[in-house]
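Going by the order they are written in, the chains are A, B, C and D; count residues from 1 in each one.
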Amino acid sequence: MSRSYTLVIDCPDRPGIVYSVSRIIFENDGNILESRQFEDRETGRFFLRVVFESGCDQAVLADAVATLGEGFDMDWKLVPTNQPVKVLILVSKFDHCLAHLLYKVRIGEIPIEIVGIASNHPAAALTATDIRDIPFHHLPVTPDTKAQQEASIKALVKDSGAELVVLARYMQILSDDLAAHLSGRCINIHHSFLPSFKGAKPYHQAHAHGVKMIGATAHYVTADLDEGPIIHQGVESVTHEDSPDDLIRKGREVENQVLGQAVAWHVAHRVIRNGRKTVVFKG
Amino acid sequence: MSRSYTLVIDCPDRPGIVYSVSRIIFENDGNILESRQFEDRETGRFFLRVVFESGCDQAVLADAVATLGEGFDMDWKLVPTNQPVKVLILVSKFDHCLAHLLYKVRIGEIPIEIVGIASNHPAAALTATDIRDIPFHHLPVTPDTKAQQEASIKALVKDSGAELVVLARYMQILSDDLAAHLSGRCINIHHSFLPSFKGAKPYHQAHAHGVKMIGATAHYVTADLDEGPIIHQGVESVTHEDSPDDLIRKGREVENQVLGQAVAWHVAHRVIRNGRKTVVFKG
Amino acid sequence: MSRSYTLVIDCPDRPGIVYSVSRIIFENDGNILESRQFEDRETGRFFLRVVFESGCDQAVLADAVATLGEGFDMDWKLVPTNQPVKVLILVSKFDHCLAHLLYKVRIGEIPIEIVGIASNHPAAALTATDIRDIPFHHLPVTPDTKAQQEASIKALVKDSGAELVVLARYMQILSDDLAAHLSGRCINIHHSFLPSFKGAKPYHQAHAHGVKMIGATAHYVTADLDEGPIIHQGVESVTHEDSPDDLIRKGREVENQVLGQAVAWHVAHRVIRNGRKTVVFKG
Amino acid sequence: MSRSYTLVIDCPDRPGIVYSVSRIIFENDGNILESRQFEDRETGRFFLRVVFESGCDQAVLADAVATLGEGFDMDWKLVPTNQPVKVLILVSKFDHCLAHLLYKVRIGEIPIEIVGIASNHPAAALTATDIRDIPFHHLPVTPDTKAQQEASIKALVKDSGAELVVLARYMQILSDDLAAHLSGRCINIHHSFLPSFKGAKPYHQAHAHGVKMIGATAHYVTADLDEGPIIHQGVESVTHEDSPDDLIRKGREVENQVLGQAVAWHVAHRVIRNGRKTVVFKG
């Protein structure tokens, strides 16, 4: 029986990569359903995402890719298409992004298994969201207990088997240590159009500046706060009539969509890191 | 010396197409720079656009593709990348799309050679546009002379060697005969968000309907008026304060961009017809 | 103690309206906080929305407006600003718009009191939404029971005191009788960019047409199905890669935002009917 | 005979302003056609733009407003609606914004009289633009001659009677002195989404940052470079495939529209400065 696989590759560019990959697929009884590629001419790096059907076992296919990968010095992964990704969500008091993600997961729009929700506030603070039976972890934090609280987060990630951590308006600044620990497997939604208005209260900064558009940015967390590789951005027009509270209200919609889209692309293996940037094969 | 080629293919889908194409490129000393593909699962048709560098002659490459193409029942074309396309522009009194296209061509943004401009109005009507030494053809038309005028257009297309005809707000309805004659090599900008408001005075129709957005649609001309395959669409918000004249003014910007983008994609061989639809590998 | 009132007026245009209204407010110890107006030059009708603070009783102010209104042949309403509006929501199986509205209401973003939810499906069908203690009414319908079911809806509107009925993807076609009964106090979200693709399965129609953008339209329900005055519209780009299911997925976001925005404007008394169109004083 | 006037006012907010203004208009045989107002609750300042018809002389109306203005401590101006504004355009080598503005002026879309074009490059550099008989001033500049060149610009503004100076991608940094001299009557288009990427080569900065949207900002020039009050902003999506040259190409469209819109609003007296921000009564 045939099933669908997603293969993602990045390696130094040189002639023959597509030929070699397509030969492996062809020779393993496969048929390519989707393929997207990108060559970064500045760095000479090549990126490829292929979705194909094959009757072969995943192990057989993985062996073939591994052999090829050595020759081309490839980073690669091969996963069954639409295999659910285990996700841990961190949140503070504003739960709109959480509610938006939960809805998408519950109707089956994004292949995600939510393995837990953690917050520095108690569950009772998430008044508008319906947690149901998702494990909830209250991890309060003070300046004195920060190291310990972050150790709890690390343990939670490990114990839950989370492959991705989503900071869904988690209003705590991660230590460099935790940021580095989660690097590449943690998506944050920043409530501004980065790199404008980094830091605290970006909507108030935007209002004081008199900008005519506000935005939101989904990016991978790295040790460099608010500077990790950007996955997606969105904007919304504002006017002189909009108060900071209006910006916050309009921002919620943008944050929901930008984070929801970034997470959906990530779990479909459409996002590949490219130094301080990303390659995003949009779906 | 190596140069860049663009290869565009469409054929019935079956395993091995990408493998075979990439093998030809690899064996002819080529390196793939860009590749986009699409399989229409409804119709089973496969579409591929590959940009590659090779030191081989175009004729040698074309022979290799031709041989492959017979085996796969392919429609294909192979052209040097960025080779200018000969374009004839038809226009009436509103010359904003014409002016916008001319600017792009003159600064080298789109690889086009404008072989002529034809209008049912005299050159003097295009008061805001700078025709310079582009051959201008005044082809007035009345109900009685329509057949004859369209014969002149056909002759102009033939004599000028035009590969593409752009109807840049050409306000005459083409006869079925001329539409069929130009089918697939003629792009029209319709000043509405099709399929809404087909026919005459779409902005007045939109105003009367009280819609909150207007749009423009670039599509290939076919015998079925206002129904040819859509290449690109754009919209702009409008309000109760906008009069029909305001819609016309806002519409100019949308028309400029939608037509300019559609033509740019077409001459980069990024648009492939797929029945009554198009496949557009956006750049 | 001073409080805020919202006054909405429409009447035949003639000199002195703004002067007279602002005099009443001035003479009743008021201060104008916001004011928006529109004169429809085609019909000669004038529309005004004023938010003002005053220390006077609502009854005193209403008397003054009423007296003025007779002289100018005004339709008018005067309400305390942000007074919650009683809303009944009708829904079928797709509950994204419902979930989106409930979230906004629960965090206090829109001043609404939801007096009930009614559906032709049982509550168990709304698997992703958290109804809590909102009265839920299962009103199944068959061709044979339609008249009776609609009578139940009418009764529900009456008994619940609903001032507004929201069709949040309620997939039943209202009879002319019910549509007329709810005319002007019922907002529907149509999942297409009207007037394109009226009727059933608009996303499938859009896909078959090969359009490059899909949209959603919020409009008042009138006896003329899918033709009531449009309040708001939104769009989203789509590509040849999007299947009908992808259009449905992308459409959910647009529907959520367009309906949410239309309802928010309605309950803030920012929308005034103007024949088959609307005047929308956006906030 | 009745004609249309535009009255723009800003002053400290207090009860009775609208009443007093509308009384003047009413008592001078006027009828209000449009009115927009804004109260800045942070600063307590009030802004009003009224378009009205009246049979009275401008001098009579101005006297009435002046008297009122003293009582309310108003800044005000009263101008015949659509009276052409004299504009001087400064440009360097990139002439797309210039070409776009000229087109709009020539078809009568914006009520502007272009009194001159000045550039630090010779006219021959503007290869794609059709200057016609507009006075062109070549004002070359080197670090040594900057003071002298700016003196020439000042003289040009004075001699031409320019009411507005438009920096249409003028790539020279104005001295603090010239910036202050032109403050409030000079609009610049900055080719980034300010406050991101101030300074030189913003598209290259954006590319290096890996942002997913680029933008443009039209703002009033003040002594604080790239920080003057923002009038309008626009954005365009970009992807990993876009090179810096692609960003420049996509940026041209955004710059054209943002600058064109900002200038159109300015000359319609729809923009009022509010400290470091603007109030924009969009048309």
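Everything below uses one rule, namely that a contact is a pair of C-beta atoms (placed from the backbone, for glycine too) under 8 Å apart; a residue touches a chain by one contact, two chains touch by 3 or more.
If you're wondering where the values come from, they're calculated on a predicted model, not measured in any experiment.
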* Please state, in steps, how far subunit D lies from subunit A along the shortest route of touching chains. => 1
* Mind listing the chains that sit against subunit B and also against subunit D? => A, C
* **Type of subunit A:subunit C copy interface by residue overlap (half), same or different** => same
* To do: Could you pull out the chain whose C-alpha mean position is farthest off from that of subunit B?
  => C
* Cα-centroid distance, subunit C relative to subunit D, in whole angstrom -> 37
* Structure fact -> Here the gap between subunit B and subunit C, centre to centre from mean Cα coordinates and rounded to Å, is 41
* Contacts with two or more other chains, residues of subunit D listed in rising order -> 241
* Can you name the residues of subunit B that touch subunit C in the complex? -> 38, 40-41, 193-197, 209-213, 215, 229-235, 239-241, 243, 274, 276-280, 282
* Mind pulling up the subunit C residues that touch subunit D in the complex? -> 13-19, 22-23, 25-26, 29-37, 39
* For the complex, which residues does subunit A have touching subunit C? -> 96, 99, 102-103, 106-107, 109, 127-130, 241, 249, 252-253, 257, 283
